[in-house]
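Note sheet for the following structure.
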Amino acid sequence: MPRPALVRSVPLLSTRRPLGVALAAGVTVLGLALTGCTSAAPQASSTPTAGGTLTYASGDAEPTCLDPHVGGNYPQALVSTQYLESLVSLDSDGTVIPWLADSWTVSDDGLTWEFTLRDGVTFSDGTPLDAAAVQANIAHLQDPATGSSTGYLALAKVTGTEAVSDSVVRLTLAQPDSALLESLSQPWLGIESPTALERSQDDNCAAPVGTGPFVVDSWVKQNAITLVRNDDYTSPPADAEHDGPAYLEKIVWRFIPDSASRYAALQAGEVDVIDNAQPDTIAQAGQSDSIVHLDAPRPGASNRIELNSGKAPFNDAAVREAFIRSANVDDAVASLFQGSAERSYSALSSVEPLGTSRPELFDYDPAAAATLLDDAGWSEKDADGYRTKDGVRLTVVFPVSTNQSIPAEQSLFEQIQATAKATGFDVQLTKLDLSSWYTALGSNAYDAVSAPYTKVGPDVLRILFHSDGITPAPSGYFANHAQVNDPELDALLTQAGQTGDADERATLYADAQERILEGFYILPLYDQQNHFLLGTAVQGARALPTVSTPTFYDAWLNR
Amino acid sequence: MAEPLTDARSTGGQRVRRLGARIGWPLTRRIGGAVFVLWAVATLTFFAVRLIPGDPAQAILGGPGSQTSPEALAAVRAEYGLDQPVIVQYLAQLGRLATGDLGRSYALNMDVGPLVLSQLGGTLLLAVLALTVAWILALGLATWSTGRGRVARRIGSGLEIVAAALPHFWLATTLIVVASVWWGILPPISTADARGLVLPVLTLAIPLAGFLGQVMRESLTTALESPFVLSARARGEGERGVLWRHALRHAALPAIGLSGWAFGSLISGAVVVETVFARPGLGRTLLNAVTVRDVPVVIGVVMVVALAYILMTILSDLASRLADPRPTTSTAGGAQ
Amino acid sequence: MSELEITAAASARPGDQDDQQDGRPGSPSSGPRARPSVVEIAAGLLALFLLVAAIAPRLLAPGDPLAIDPLSAFGAPSWSHWFGTDESGRDIYTRVIDGARDSLVIGVSATLIGLGLGAVLGTVAGTLGTAVDFTVNRFLEVLFAFPGLLLALLFILVFGPGAGSAIVAVGLSTAPGYARIIRAQLLRVRSSAFVEAATVQGLGRGRILARHILPNTLAPLLVLGTLGVGQAIVWAAALSYLGLGAQPPAAEWGAMLAAGRTYITSAWWMSFFPGLFIVLTAVCATALGRAIERRMRHA
Amino acid sequence: MSAADATRLAAPAGGPPPVPALAVRNLSVGFGSQTVVRGVSLELAPGECLAIVGESGSGKSVTARSLLGLAGAGAQVSADELSLTGESVLGLSESAWRRRRGRDVGLVLQDALASLDPLRPIAREIGDSLRLHTRLDGAERDRRVLEVLAAVGLPDPELYAGRRSGELSGGQRQRALIAAALALDPPLLIADEPTTALDVTVQAQVLDLLEEIRDRGTAILLISHDLAVVSRIADRIAVMHDGRIVETGTPNEVLGHPSHPETRRMLAAVPVDKPRGSRLAPVIATQPPPATEQIDDAERLFVAERTRAATGMTPATGSDLALEGIGLNKTFRGPHGTVQHAVADVSFSLPRGRTLGIVGESGSGKTTTARLALALTAADSGEVRLLGEPWSALPEKQRRARRRLVGAVYQDVLASFDPRLSVREILRHAVAVAAPDVRDGTNRRAGEARVGALLNDVGLSPTLLDRRPTDLSGGQRQRVGIARALASRPQILICDEPVSALDVSVQAQVLDLLDELQRELALSLLFISHDLGVIQHVSDQVAVMHAGRIVETGSAEQVFAAPTHPYTQALLAAVPRLL
């Protein structure tokens, strides 16, 4: 039984995450945790058989629109991976490989890209895939009426498109963007039928039309999306296991928000695959013969607590360091995640090759924390044992999104609350629903927060730590929750985003990470958890190495 | 049991007419009252949701996490009339509601009417089944534990009290663990066939049965001590006959009156149960809509629930009147 | 005077016992003064235990309910941890005992708010004339048409989550029920023979209200309240499940139950014991309420 | 009529001694340690009517129920013999009992409204016995139900078969109940107070019906508290007291030559044909007068006050009418816009110090008249004047000050007490309302004394002061009610059915007390009752009400001796008399 990658065990995380722009790091790409382990199939010897219905149970919120161009969050990516395809993909080593585009070229100044499309591909509504179709997709993403968020930002530097021929499309950029290919590989930039895009947004949201191995058949809100096999499928990515149509006849995509119910459903055989598996169930699955674990940490940022350096008390680096030193994260991760998550000491996901890890900066050292606080003027203690300075209590307001933090993570925060209390921090956890949580962030009513960010490549650092990210959008949204405002860091990140030279880029990102970690802006916890549990009947399922969404093209049922 | 009516035409007809007179006038008043309640519910909800912090335009554009441009926000505000004064928005909303138009969801890219309709069936089915099962459980326990001595009575009323104290979500999880994980006899989530309904229905029905049972037991005791039961026994009626032909009907009266209220509490329970069992339905829709500030959906669901509640109350009144044709009618209780 | 005395003597004759329905001593009206039943004693003891837990938790559980010990997390019930440990290695017994205060405070204050509001609404409706009665009744109907949980949800979303909000929210959503009961009781008392008798005696409206109607209307509140506390705790637990109740690390039972539910398949004790205490409290409250009711009815 | 019935009708009266319908020897029934029936023996032949008479608590109902095996949970029944139609039923199993009930013995209870399931049509109730004991199909049962209904004299049985007990009049209801017991034509019918709640004319009809049934050959065991009622149809009377049968005999023997003191006491208590002012209850001075100093004080105070009250009684105005109703009309709106005239054109006058009796059957408007007199209900037209001054016409605020002049005594006296209050509190409140100094608390001691005096006035021991009314007997309660009415030193007492709920001997005591008080305190009494005997006994003037109108009025002697109105005549004819 070749068990799939338990290589890195990880935390999981739950629902929707806003995705930021992908940046492109030309050639460099990330290896996924699935390395060498693309299949979750327990019986490698069997021959795939066609047919059958696979039931997938998602713990994420049900998308409000199945077209990932609209908005663009992870739940959309999960399901659209089954019916939409991108121009390029990544292989398990992180190398960009052809998908709907056979090949591509870039001009020396990095401002003009030409993609040659694969021959003979048609959308499932019969529309042929051609240059005009790609143009229509880019136009759709850039049209404000679409309401695209993730895809829109990914294409921020694209200023024009042109059909060089039926099969060659040219993109013109305002500035060089070495992350372009990675951006295009993301499911949020999946290519849809231009004919279908002509329809009203409602229709398109209900059943987007792509070139993928499955087709959206029906969507009963709050119940299930039914996907059926695309029998005319011709365009698997270069790293697929087979050609032609998928094995599965049908996928029923369900939403079971309650984690206990979801796992019970898998145990009872009512569903075949669940996502957002909880640590205790992963541990149980490890001892079970009937359930297989698939671990696919997401790329981009690690899961971390961001400390708001924009206001007191964390505008003082010493207090930030004291907080980090006073938090016993290691024990908490060990007990809560039961081996399914590994502690991170980096701003980036462990799947990012350019990540820098500095364990020594995040040691649990309450004594050092106490000294730091004493020196910083927080030397008094009040009746409850909390430190004060000038009569003000050392309070850390920590809003927790119940949508974004799984129970184990919420418990982790409680343990941090408890250990930090010993040093004299009054950590005030507030569980909030997503809207309230964003409102709290938007009104700067937080001292610490944990917000996940998924994105391919180290360019995520620019989004999270460049001072541009402090200014909120009209919606109140901003990505730089640590409110890092460091001109030198800004320069490093801008430069890294535009350089064409891989070594230089690596050095620049390394420097940038040093500044971030040594500035104690963040307390890294672990990778963004992305665990799937599969019934043993499911064979050949794997996660795409782009943003770790599962694909069932190669999957088949061994019942 | 044959209807002992001798002249079905005349007496039956008269009875129908008398019944009609008894119900007719209250019914028209009821309809007036219902319209008022619907209006008030819509108004309250409209302003209550408005009090929740958060920008509706933002909700429309994919929630606060999305990165929207000021232009898009302005466009949406204009499109949905959000730039109008609140009172204008309120009147517009009322106007739409009056014509049966529930408006368009901010978050779900669809009209509220079809959405609510598509979710209504599941919840109604759940609620009606749960109500029925609760009745069966309560009646079963009452009949089992009556006339079997003190111990049985104690056990019966003890079970009722415990059942009424069970939190829905805990009961649901326990049922899942026992029936699905340990025994593997029932699916833990909703399925296309009826098996998937068993656990959700039980989850809702058990606590409710506890309530109904408590109410029923009290009136059952009274009924069993009444002279007409003695009369029936004197005619040779056995325990079972006394119970089914006489006492239970009296015992059921207050519980029938409670059914309107019970329905309301089932809807609250449905919020939890639909989440746990991943069932489509109004409860889950409502919870989601509230968390993303989807005002039209919230109002739409609340209106439909209020309407269903009103209908349920009327039905339970009607049932009370049918079960108890005596002219002194008590209004359906909303008692706890 | 002798004649009157004689009458007095006559009236004391043993034959004058006409209220005893043909001498059936087994009839239910005769027994209830009897000493408390086993169930009542058990409920009383449990109530005492909970009260001690709420007032002086350290007496029953000397440990710190917030003390984490990650390395002994998810411990099954054992000699050192009677109820096991939770995901952070906190002792569940200690937390359950410590949670009594929060849970009881939530249950009691929510019930007080509900009852208070209900009493005011019910009394206002029952005393201030038909116009007010009509208005209040319509208002109550509207509140009834709202699913209780939605009322609570809206309230919490407007005012933010937390124990305080949960208390008010639960109180608000139970108030209409109480109001109806109280109004019905008031109407019954108002049209009762003894109120009429007071009118005949020449008592003024205000005096009748203060001396007869209100005391008799509000007397059942104690029973209602006792019965309501258990339900309020269950309600608050539901809000905690939806993540809208008490905030961490408070050891409120509903929050513990909700947190433990996640681990139901691997650590049943995490949700079992808080759940057990919720149910026990509700049962205990109901049993006590019933006992009080019985005694009041036959007093 | 069924075939069985026909045979029985034809059964010869003579011949060998028939198998007794009921034979009981030495029956004892106990509940726990308490024995309520002690060694009762009875025998009842077919076609015979035996009446068991006794007051509440005498054990007569338990006896009756034991004969059906329905003595109740926890009852210990023992007997040397207990047989129905010659077959022993001692120690029968529950299911064997069930087969006999309804078939071998039928039971008719008091208060048909409660004894017929109010939710089921009477046809179903009657058909139940048929369903349980025969194999008749639905149509046959329906036919038999109609037969029985016709046999009990319900007019238009087809119309009534589908109605529920609440939709019938009292008489119809009682007939239906009897029909239910007779559906299978059992040889023995046990009727437990079958006429108690009924109006006198209806009562007469029901008694006629029972007589008819008896004459058809059914043995009837009639249970009643009312000697006059049973004397009418019983072949033999058994007087029960304290669980024993103390006297048995024919009506002539028992009523004419009562041998047991209990029988004599019961007979004496019957008010019918007893002249106004004569005592009904025996005077037995077994208890010394309360002699504490405090009571003596109270007594003195009370006497002094009474003297004052008597002197101040001289009317300020010239009227010698205590209460006067002039042309009173009151209508109520029915459920569907119908108008019911509860009281139509009623005038009455109550001279000072006298008693006006208003008598009428249920629904005659007498209670509405009482409420109008108390100014609890406003008349549509007409006026009530008090001591010659406006009363009903006053606004309540002004009337309130004068309310202390009028006291009221109620039928359901228990309901008229605030359930939270003890006797002491009830009386203290009543005293306080009338006396401002007591109310202010400035003269608390005087208030206490007055309470004691009142209690003494109505013949109650001060030991009862801290009890609650629920813990008192019915007679004691009514005395407290009277004491409360007297607290404000009223000049007028309005008594609405004050003794209807009481046993006849207790009733006698209360009537004596009222008579006593009237003379002592110079009270004017408006006395309302359905009971002609009581009215005759207490009244100086009588008004007979029927359908909202006063059909006849005059002095008691005149009305009872020579009624002019046909309704009064019918009413008087229906009154059950002792022989």
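Of note:
Order of writing sets the labels: A, B, C and D. Residues in every chain begin at 1.
What we mean here is this: contacts are C-beta pairs under 8 Å (C-beta built on N, C-alpha and C of every residue); 3 or more make two chains touch, one makes a residue touch a chain.
It should be emphasised that the depicted structure is a prediction, and the values quoted were computed from it without experimental measurement.
Averaging Cα atoms per chain gives one point for each, and the point farthest from that of subunit A is the centre of D. Each chain gets a centre from the mean of its Cα atoms; for subunit C and subunit D, those two points are 43 Å apart. In terms of their C-alpha centroids, the spacing between subunit B and subunit C amounts to 23 Å. Separating the centre of subunit A from that of subunit B, both taken as means of CA atoms, is a distance of 41 Å. We define each chain's centre as the mean of its Cα atoms; on that basis subunit A and subunit C are separated by 48 Å. For subunit D, no residue reaches two or more other chains under the stated contact definition.
Shown for subunit C are the residues that touch two or more other chains, namely 157, 261, 264-265.
In subunit A, the positions touching at least two other chains are 260, 264, 267, 433, 436. Pairs of chains meeting the touch criterion: A-B, A-C, B-C, B-D, C-D. On the side of subunit B, the complex with subunit A involves touching residues 53-55, 58-59, 61-73, 75, 107-110, 115, 118-119, 173, 176-177, 180-181, 184, 187-191, 275-281, 284-285, 288, 291-293.
The touching residues of subunit C, counted against subunit A in their complex, run 66-68, 70-71, 73-74, 87-89, 157, 160-162, 243-244, 247-249, 259, 261-267. Chain contact summary for the complex, subunit C toward subunit B: residues 28, 39, 138-142, 144-150, 153-154, 157-158, 174, 176-178, 180-181, 184, 224, 227-228, 230-231, 234, 237-238, 241-242, 254, 257-258, 261, 264-265, 268, 271, 275, 278-279, 281-283, 286-287. Within the complex formed with subunit C, the residues of subunit B that make contact are 33, 36-38, 40-41, 44-45, 48-49, 51-53, 154, 158, 161-162, 164-170, 173-174, 176-177, 181, 225, 261, 264-265, 267-269, 271-272, 286-287, 290-291, 302, 305-306, 309-310, 333-336.
If you check the complex, the residues on subunit D that touch subunit B are 65, 68, 70, 95, 98-103, 105-107, 109-111, 114-121, 123-129, 131-133, 137-139, 141-142, 145-146, 157-159, 161-162, 164, 166, 177, 180-181, 183, 335-336.
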